[in-house]
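Just below is one structure, and these are the notes that go with it.
First chain written, first letter: the chains are A, B, C and D, and each begins at residue 1.
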Amino acid sequence: MGLYIGDKMMKYEEWSKLAIKVSKASLWMLHFCTGCGAIEMPPVMTSRYDMERFGIAPMATPRQADVLLITGYLTVKTLRRVIQVYEQMQSPKYVIAFGSCTINGGMYWDSYNTIKHLEKYIPVDVYITGCMPRPEGIINAFIKLMELIDEGKARGWEKYQKYYDKYKENQRRVFNFEIEGENEEY
Amino acid sequence: MDVMGIAIKVALLTAYAVIGTCVGLLFMGIGRKIIARVHNRVGPPFYQNFIDVAKLLSKKTNISHGWIFDLALLFSISGILLTLLFLPIGGVQLLSMEGDAFLVLYLLAIPALGFALGAGASGNPNAGVGVMRALVMMLSYELPFIITLIALMIYYDTTSLATIVRMQSINGVKSWAITMPPFMLAAFAADMALQGMLMEQPFDIPVAPHEIASGPMVEFGGKYLGSLMLYKAIALVAETTLFVDLFLGGGVVAHGNFAFVINFIVWLALIFLLFILSILIAASFPRFRIEQAFGFYWKYEAIIAAISLIWVYILVIK
Amino acid sequence: MLDIIFAELIIAAIITFFVGKKIASIIAGFISILPLFALIDWANNFGFKTISFGIERQMNISVAGITLHLGITPLSWFFALMILPLFPLIMLYSYSFFKENDGFYPFMLFAFASTFGILLSKDMLSLFLFWEIMSWSSFLLVYRSRDKEAIISYLIFSVFSAFAILFGLMILWHENFSLLLSDIGRINGIYGFIAIASLIIGFSVKSVLMPLHAWAPFVYSKSDEPFVAFLSGGLSKLGYYGMFLFLFTLNGVKILQNYTPNVAWNYLLAVVGSLSAFVATMLAIMQDDLRKLLAYSSIGQLGYIAIGFGIGTPLAITGALFQAFNHAFFKAVLFLAAGAVAYRTGKWKISELGGLAYRMPLTFLAALFAIFALAAIPITSGFAAKWLLYEAAIQQKYVFIAPLMLIAGVGAFLYSFRILYGVFLGENRYPDVKEAPKSMIAAMFILMLPLIIFVVFPGYMLDLMKPALSNSGIESIAHTKFAIETSLAKYNSMAVLITLIAAMVPAFIIYKARKHRITSFEDNYLAGEPYEFHNPSMHAAHNFYKPLKGVVLPYFEPGATYYFEKIYKGIGILSNGIRRIYTGFVQDYAIYVVIFLLAVMGWLIWM
Amino acid sequence: MKSIELIGKGKEMHGRAYIEVMPDELENAIKKLKENGFNHFVMLSCIDWLEEEKFELVYHLWSYEVKEHVMLSVRMNRNNASMPSMSHLFPQIETYEREIHEMYGIEFDGNNRLTPFLLENWHHAPPMRKDFDSEKFVGKLYESIPFIEEDENEGI
């Protein structure tokens, strides 16, 4: 069952198949409702679309959650909180980015304080396109995520561990609004 | 007691610990399904909670806040298993001859206190508030529950759960406590107390995910949360069994050759019915505020329980 | 030998007045171990095989034609067993607690000697004499707090208690013309009734029974912690010693019953005890001052003993004595732990403390275990005592007392957690605090030993109190080493412990199966807000039980302290009135003299 | 309209009173309006007139008595723009002034709380000015941050 006593654990190869099966069938979600996408969540949770039939349940804190669902645009200030929350989640953890804002900034493509590509700061496993995506899109993304977990491709959290320094460098740059070769102080 | 006898006893206790855990998880899954049906949803499969626990226990990273935080894991599971084994289940006495109802009442506090210690050790303010609410809830629902318990005890002139069950099973269903009018009132009060014990709505004030980020559990993840889910599952079985032992004769209806199997099935059916009742109440009511819950228990429930106690007292004195 | 022990205690008290702090505490500590040897020796007389030092059982001291009869009885031996061991450990604790020797040790030794004397006294005169020495030496210890309310309240109640006891004893003497306590049994009628009642009232001041508890919150919260540990753990038991002595050993119950056969005076005592337990617990929940919380908790826990005496069956009395024994140790540990916390941080308010568990882990462990015993968790000996009391209440079908007792037991969880969370858990506010000094830790851990022993073997406790019970004509209840059996049910401590250890196995497997990483306190989920941006306090201990505030305070608090405030104010007004006589004018004094002379003359003429 | 009568100048614009005042008249104008029933300060807004080299501050006030919205407009030079703070008249103006200071770089004399407010770690030109080229800034900052590509050879 993937339980090993003592120091022998924590090898990726020993990640048993049953553990993959159970982690795919029980995705607990933390919805970081910053943008307008939050309005799509109630239909997904309630009787019309009912995400609970796939074992997906909303959680209150990142410690308990497996999936971080980011619903919409992120300013630099919000990004700091998102990263804080992401780092508090327990591995294996996945990120679903919702709406075009997280892909390329969307309608905030030229805003001075909205980040454009979420993937540069935290690894994203599944994107949902659209402005707004429909609830079916969210369900579809979760099913896609389940497939990816099953195939062993949803490894964003491993990527984050592996390239931790690079991610931290990107995050530091954007938090400090640091433009290369330009250090003007207003 | 000889070696063989001890071995059989240990095997029986282990079997009931496993059965209690599985039944609890199964019921929680069924409860989720029922709530989903009430909401006109499809709901998760009935085995969903097994998957959830397995997933939590197989998480790769786990965050602890120090050794006091770990006490939550150690004490929650061991304490609730201990409680379960001191209850007579379906006519099987287990260890219930070694203790009594007061012991069970206090044993229920071990996992709760361990849990509270772990939650407090995390240093999260939400956890502190959650534990405070849980303790105030405990003070609230214990009053009617204690009064009904005392009513039963003075009626049967014993505090031992095993004896209470035996005396209620003499004539099968007819001798169950709930068939007597004073104990009908008491059972109503105790059932409301059970609702609070199970922390189901309208008394899920301590966890309140939307107000205080699931309260005491705010910092629990991975194996810690998994162990707490196990605790909750076993607690569900233990608390409903306590009610069944007190008012429904422990589910004992048959004596004789196949009595063991029949009694087990009846016990299972009874705790399932109790659980369904509590789930249906939970599905139809919103959450109380803590003062409202306190007032509800200490005013109305306590008065109902006190009436039954006085009634029983008059019966006994006569 | 016994006179040597007394003499040494007195001499040590005088020596400690002049020497430095460290030497004083060492002298006091070693001298106060001596009576324990006597206890070990006397155990031979009560059916236990121990070492013999040849210390006599009886001693008569004749001073100016009056003879003081001293001697050990099974009852006083049992009470000495719970009170006297506290003393050397408190001295060990105080080794690092005090900054300088400012009069703590001499009075403490006097209090100790007089406690020993009270327990040994076999006649009324020595009982009252030692009682007064104990009251006055403890009053001087209270006086060290320099807190007006504490001093005055202790004075008022001590004097009241002393008068009540003196009144009772004088009536007994007047009826009997014998100072020996063993002659009391012959008394009947109204005088016996009044005497016993007034003695019980007098003793219930020391045992902080409601409504005569009002001094305790002030005194406990203002005096030195080592002394308060002795006051709550040890001296409060003396009140119950007196009650037990006069009620059961000297047949006070029968004297009361013979005069008024139709009134159940025991039941009244039990009701007072249960109300005391319930109201004090409710008030303890609402306290923010650590010492006040512990004070109310003491009142509540001591109420259980009164319940046991009130119910009066063998089961209840056994439970009450067990509870008294436990309370002596766990409350001493708790007060000492509170003192250790204050020694390191200088704070008493629970809402100002926090996060000390990782800084002071040994203090935390001691406090945690004591709290387990206080809350009667079944893995501590506190449970066996409460269980016996509950059983006794159910056996007698006391439907008013039993719910109050049980709900007070639940309330104990609430204030216990307030201490645990507010002081030791939660936000890490004192990152630089060190563990308490070694002598404090040692004292607390040695005090925990009896609590640990009697959780595994509750039967031993019942063996210890057997001589005291059988001497008073109370049969002891059926028990083995591990199990206690009553007519209602059975409690087997070994079954609980073994099952708990066995049930730890699956928990431990889950715990060990996956690694965990210990993270810092700052890494906490605060709705995504980073900790460094989160400026205000994260400690949720301020106003902790706010939802109960509107329920508890309006109903319980005024009733508990109102009458004392009235007395306090009344005495102030009276004293002011008396002071007005001393106007400072010579003419006024001359008029007083003239009036006095005229009065005397008038009286002479009238005669 | 009442406010126009009070100040003695201005015009009606879409049902509101629009009054242009000089910077030194501003305080008296607000005071006068406040005393005469315009006691609800609605908001303070700012417009950057890049071509005219001017900043325009608009103080919006509302009267519950006559149900009238008045906009007090004051213009200043764009270089080293500064205004006396009005926060002693309506305390809530302080917060608006902080925001405008951060977004436009206007100094408010007499306001002691002109500390960083909404933007964290911002050290570029005030972003709401029209000469702040947002598109270019995005290109320089956000687009220059590299994607983190996995090294195919290493695997994970």
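FYI, a contact is a pair of C-beta atoms (placed from the backbone, for glycine too) under 8 Å apart; a residue touches a chain by one contact, two chains touch by 3 or more.
The shown structure was predicted, so the numbers you read here are calculated from the model rather than taken from an experiment.
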Quiz item: Closest chain to the protein CA centroid?
Solution: B
Quiz item: Rounded to the nearest whole Å, what is the centre-to-centre distance of subunit C and subunit D, using the mean of the C-alpha atoms as each centre?
Solution: 69
Quiz item: Roughly how many whole angstrom separate the Cα centroids of subunit A and subunit C?
Solution: 59
Quiz item: Between subunit A and subunit B, what is the gap in Å from one C-alpha centre to the other?
Solution: 37
Quiz prompt | Contacts with 2+ other chains: residues of subunit A | solution = 3, 10, 61-63, 80, 88
Quiz prompt | Of all residues in subunit C, the ones touching two or more other chains | solution = 513-515, 523, 525
Exercise. Going through subunit B residue by residue, note those that touch at least 2 other chains and give them in order.
Key: 57-63, 213, 218-219, 222
Exercise. Let me know each pair of chains that touch one another.
Key: A-B, A-C, A-D, B-C
Quiz item: Taking the complex as given, what residues does subunit B use to touch subunit C?
Solution: 10, 13, 17, 57-66, 68, 70, 73-79, 81-82, 85-86, 95, 97-103, 105-107, 109-110, 113, 116-117, 120-126, 128-129, 131-133, 135-136, 138-139, 142-143, 146-147, 150, 153-154, 157-160, 163, 213, 218-219, 222-223, 226-227, 230, 290-291, 294, 298, 309-310, 313, 316-317
Quiz item: Any idea which subunit C residues touch subunit B in the complex?
Solution: 355, 357-358, 364, 368, 372, 375-379, 383, 387, 390-391, 394, 397, 399, 402-403, 406-407, 409-411, 413-414, 417, 420-421, 425-428, 483, 488-492, 495-496, 499-500, 502-504, 506-508, 510-511, 513-519, 521, 523-527, 538-541, 544-545, 547-548, 550-551
Self-check item: Footprint of subunit A on subunit B - complex, ascending
Solution: 32, 36, 39-45, 48, 51-52, 54-55, 57-63, 209-210, 213-214, 217-222, 225
Quiz prompt | Residues of subunit A defined as touching subunit D within the complex | solution = 12, 76-77, 80, 105, 109-113, 115-117, 119-120, 123, 155, 158-159, 162-163, 166-167, 170, 173-180, 182, 184-186
Quiz item: What does subunit A use to touch subunit B in their complex?
Solution: 1-3, 10, 18-19, 22-23, 25-26, 28, 46-47, 50, 52-55, 57, 59-64, 66, 88-92
